[in-house]
Amino acid sequence: MIQESFKLRNVEFKNRILVASGTFGYGDEVPDLVDIAKLGGIMTKSLSMKPRDGNPNPRIAETASGMLNSIGLANIGVHKFIAEKLPTLKRHDTKIIANIAASSVEEYCGVLELLDVQDGVHGFEINVSCPNVKEGGLSFGTDVKLVSLITKELRRRTQKPLIVKLTPNVTHISEFARACEAEGADAVSVINTVIGMAVNINKRSPKIATTTGGLSGPAIKPIALAKVYETVNAVKIPVIGIGGIVSWEDAVEFFIVGASMVQIGTANFINPSTGVTVAEGVKQYCGQNGIDDVSKLVKSLRTNKNVSIVDSWL
Amino acid sequence: MIQESFKLRNVEFKNRILVASGTFGYGDEVPDLVDIAKLGGIMTKSLSMKPRDGNPNPRIAETASGMLNSIGLANIGVHKFIAEKLPTLKRHDTKIIANIAASSVEEYCGVLELLDVQDGVHGFEINVSCPNVKEGGLSFGTDVKLVSLITKELRRRTQKPLIVKLTPNVTHISEFARACEAEGADAVSVINTVIGMAVNINKRSPKIATTTGGLSGPAIKPIALAKVYETVNAVKIPVIGIGGIVSWEDAVEFFIVGASMVQIGTANFINPSTGVTVAEGVKQYCGQNGIDDVSKLVKSLRTNKNVSIVDSWL
Amino acid sequence: MKQEIVTIHSFEHLTAEILELTFVSDYLSAIAKPGQFINIRVDNNFPLLRRPFSIFNVDGNKISIVFNVIGTGTKMLARKRVGDTIDIVGPCGNSFLSFVDGSFDTAVFVAGGIGVAPFTFFTKHFPQGKNLMTYVGGRHKELIVEKGLRNVKVATDDGSMGFHGTVLDLIKDDHAKNKYGTMRFFLCGPTRMMKAVADYAHEHGASCYASLECDMACGIGLCQGCNIEMAGGDKKYRLVCKEGTIFETQSVKL
Amino acid sequence: MKQEIVTIHSFEHLTAEILELTFVSDYLSAIAKPGQFINIRVDNNFPLLRRPFSIFNVDGNKISIVFNVIGTGTKMLARKRVGDTIDIVGPCGNSFLSFVDGSFDTAVFVAGGIGVAPFTFFTKHFPQGKNLMTYVGGRHKELIVEKGLRNVKVATDDGSMGFHGTVLDLIKDDHAKNKYGTMRFFLCGPTRMMKAVADYAHEHGASCYASLECDMACGIGLCQGCNIEMAGGDKKYRLVCKEGTIFETQSVKL
């Protein structure tokens, strides 16, 4: 019997494998493809107060072992989400974490307050790191004072788990994690996409309409692992690892480095049930290695202290 | 007849394709594999005042479409370089740019002065961005004041082309490029490797001895292109594009975004003559597209202004 | 919709450049409809994303697609052997059949290049009673497929086969000679071609439906990466993979 | 050293798990020496880096390697067909022959698992006059290769073939019964095995040379990624790919 569950604040996740925001729709596209009850939780598509059309096309481009996207937080808006999506989402035997993206502190608070009273919503992930929208998004995520302020204001408004999702597009992600910890966040998610670009050499134009986009997929896994390493060595709150996970082996890497939970993003586009196979694989790995609780895997990295450049700024 | 050459300060490169520092040895490993005379130039392995043993093994690990390295600036030292390597390097009909890495401003100056009097050395690339050494290296590269100071001190000491090689591991690479421009650098190289990490899940230890290393190869090309985009829109001095180039198509992407020259790094490990094939391919592309001078390709990107998040901080 | 590992039953060269790949799937063959596509993982590692292919034919429990090698994924697909397995997701998207009704006399199929792919299956399920004209255009004859089509007229840019010119020129030429009553156009091919033909159709008061193509990350509505701008109405964008791929051409900005 | 595109001439299963891949190269066959390796690009896109393989045999203008499938690259290599081409760089590294001289009576070849690879070619070029003993160890019999070896004794961890135990146990057992005069050991296999055997050799006053293995980015001295720490002397590290792969075992920290 292997202990897979994880408790964040007052919420118990049946396992530590979540699906990442914006890569699983609202959970209603995949029922025939995925046994959602085997997932620890679903991070919803980022929700804003008003519906957002999102960015013009093309919005995606494939790169070497990765992809660029610039969806631009297209979403149906929090009201429609509550009215039309939440009722079906609630029926799934898994935890629903509402991911919120906004262009002002007020909007973050407003959206959270509307969702906080919904019993189908078990917690919040705050996206302060979307590289594809100019008001809000990354402009918030690279300003540690704003991230502190947003965290503080939201913390005052909810007793549910509050997770802040950080951007890797900063010099020292640990500063941001510390700010979130100081303002009472229950966890941080590391990482959102990495700013990237691709060019169509026939048209001599960017492959996506917004010139730059967010890079995701296996290509960024090493970057994500390094950011998780930096973060787990800077804060005591749990870190949720994200970036390039396509297999259970990838997830185990994140746990060993110190992630308490992980999220599957881009891999859902290729194999929507990746989260389920990852959960099974992690469990098997633990069994074969005599680990009776995944928590014993977390931060079990055998390494010489202070050999990494990252250690020098922690 | 297509104009391929590029002039930087007082030095004329026969074409715009260079081989990146640390990926081509001292030019003496590859004579039977590469027609070096077809390269625009060679950036030497980073040189320091004293020889450096470099980091313990393992120093490299493969990742999805990329690799991590932590060589740690292993090099024979500037004196031995001048005595043993330069004489043979000089014989090649290409430009030799000495790449310098140091752990103090004084060391940077000292190494440069020793090399400046060598007529076989045509210019300098200053590595302030090695993610694998703790004194100097990245700790310099993430401090804009130090980068300014180093640039200023070196500029005073040489009339040869002075190129500063920047790290992508900062929030706004454009700030660093502007500082270099202000202090008289002739160009900036963008990018050095991206901090990354990989874990051996059987040993539960990092795949490289220094825990984190520098990510390179096709995986980082989108990141490099975005950093070049940011830089070329911030400064007027030439930008040398580096990151994940394995084909002439990749190089053309960098030129279109605005790179005046490009460097081939990791690809040399797989096909040491990549630089030559890239040069030929770029020339062909120009021919087929009625471009008589590669300079007309440079910064020919057709894009809507100010749609990228990057534009918002320029 | 399902994700399946299927076994390649056969490879056939329809032309020097176009391959037909046939595999076995009881599930797909039972429910797939003309105009739908499947999303293929050509390899476990590289390229990262699946590649969408229209269903070309369903014969018993055998499904086939046709493709030409244009890049990494199609090259790897062409390298596979009979007996190899491939990982597919499908059926995806809507069907041409939803747009076949009593409001027209003649269906006009217009295919550009590999855009011919969905029409063979569509033809098979097209109501017997109705008139059907098929116009297939391509750069040259090696890109022309007629297998399983009815009343086919061919146009090639280089004149190596059939009419010398674009498929639209061919249509104009034919319509000058023959009358087909109320027409409904069904298009699949390069966007530029579809736009031109759609404009022609509308000028002539005919209704027109096009199967759109765009790069897709998921093909099943998860990524929102395949948006097409609407000409009007409530929503600014729709998802090609899920709300399409087939749209009434005046409803979208081609 | 050259980079060549060579054509696969044949595939042969030496055991259920070990494949011999043979290709044609006039250049390599003319200059390759026992102990050297080639660096293979298994595919144009993925995995990124070349994969090093010891030269197993040279027969006329045919070169062969042996390998077992352990991951992405070897799996893709095993999937290739006769007639396919592969992109290789070689010959790389130093040769065992540089360490064959008059200072010993008997050469002791010790192979662990796929580490047997270089010994077949080495055996072929080993001076006729000299004594030669070969000890091959592996986890089980499907990992044991004897092709082209002389005076072979086999050990398997599970006892499925030959001596039941490690290759070192086998050596001790044999040396207890037979005397071979002054010995020189030549090792290739897992580092732990080589360390143990090297210690044994030194305890018995024998000289010892080992072909080291490590992950390599280039295989030709460009990346400095394959460093091995020296036991002493001027340089702290040497490059396995260029200054090795064969080192006197007391000169390096195994």
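We call the chains A, B, C and D, going by the order they appear; numbering starts again at 1 in every chain.
Basically, contacts are C-beta pairs under 8 Å (C-beta built on N, C-alpha and C of every residue); 3 or more make two chains touch, one makes a residue touch a chain.
Predicted model only: the values in this text are computed from it and were never measured.
Trainee: Kindly list the shared contact partners of chain A and chain D, in label order.
Mentor: Where chain A and chain D share a partner, that partner set is B, C.
Trainee: Would you identify the chain whose Cα-based centre sits farthest away from the centre of chain B?
Mentor: It is C whose centre lies farthest from that of chain B.
Trainee: Which chains share more C-beta contacts than any other pair?
Mentor: A-B
Trainee: Find the geometric centre of each of chain A and chain B from their Cα atoms only, then give the gap between the two centres in Å, rounded to an integer.
Mentor: The answer is 33 Å.
Trainee: Distance-wise, how many Å sit between the C-alpha centres of chain C and chain D, to the nearest whole number?
Mentor: 54
Trainee: Could you grab the centroid distance between chain B and chain C? Build each centroid from C-alpha atoms only and quote it in angstrom.
Mentor: 46
Trainee: Where the CA atoms of chain B average out and where those of chain D average out, how many Å apart are those spots?
Mentor: Each chain's C-alpha centroid was found; their separation is 37 Å.
Trainee: Quick check: what residues of chain D touch more than one other chain, meaning two or more?
Mentor: In chain D, the residues touching two or more other chains are 45-47.
Trainee: What residues in chain B touch two or more of the other chains?
Mentor: Residues 64-66, 217-218 of chain B each touch two or more of the other chains.
Trainee: In graph terms, nodes being chains and edges touches, is this line, ring, star, complete or other?
Mentor: ring
Trainee: Using the contact rule from the top, write out all pairs of chains that touch.
Mentor: Every pair of chains meeting the touch criterion: A-B, A-C, B-D, C-D.
Trainee: Which positions of chain B touch chain D when the two form their complex?
Mentor: Residues 22-25, 29-30, 32-33, 45, 53-54, 56-62, 65-67, 69, 71, 74, 217-218, 266, 268-273 of chain B touch chain D in their complex.
Trainee: Show me the residue ranges of chain D that touch chain C in the complex, using the header's touch definition.
Mentor: Residue list for chain D touching chain C: 43, 45-47, 72.
Trainee: Where on chain C is chain A touching in the complex?
Mentor: Touch residues, chain C against chain A: 1-3, 41, 45-50, 89, 214-218, 220-229, 235-237, 242.
Trainee: So in the complex, the part of chain B that touches chain A is made up of which residues?
Mentor: Touching chain A: residues 63-66, 68, 131-134, 137-139, 142, 169-171, 194-199, 201, 203-206, 209-212, 215, 217-223, 225-226, 229, 244, 249, 252-253, 256-257, 285, 300-304, 307-313 of chain B.
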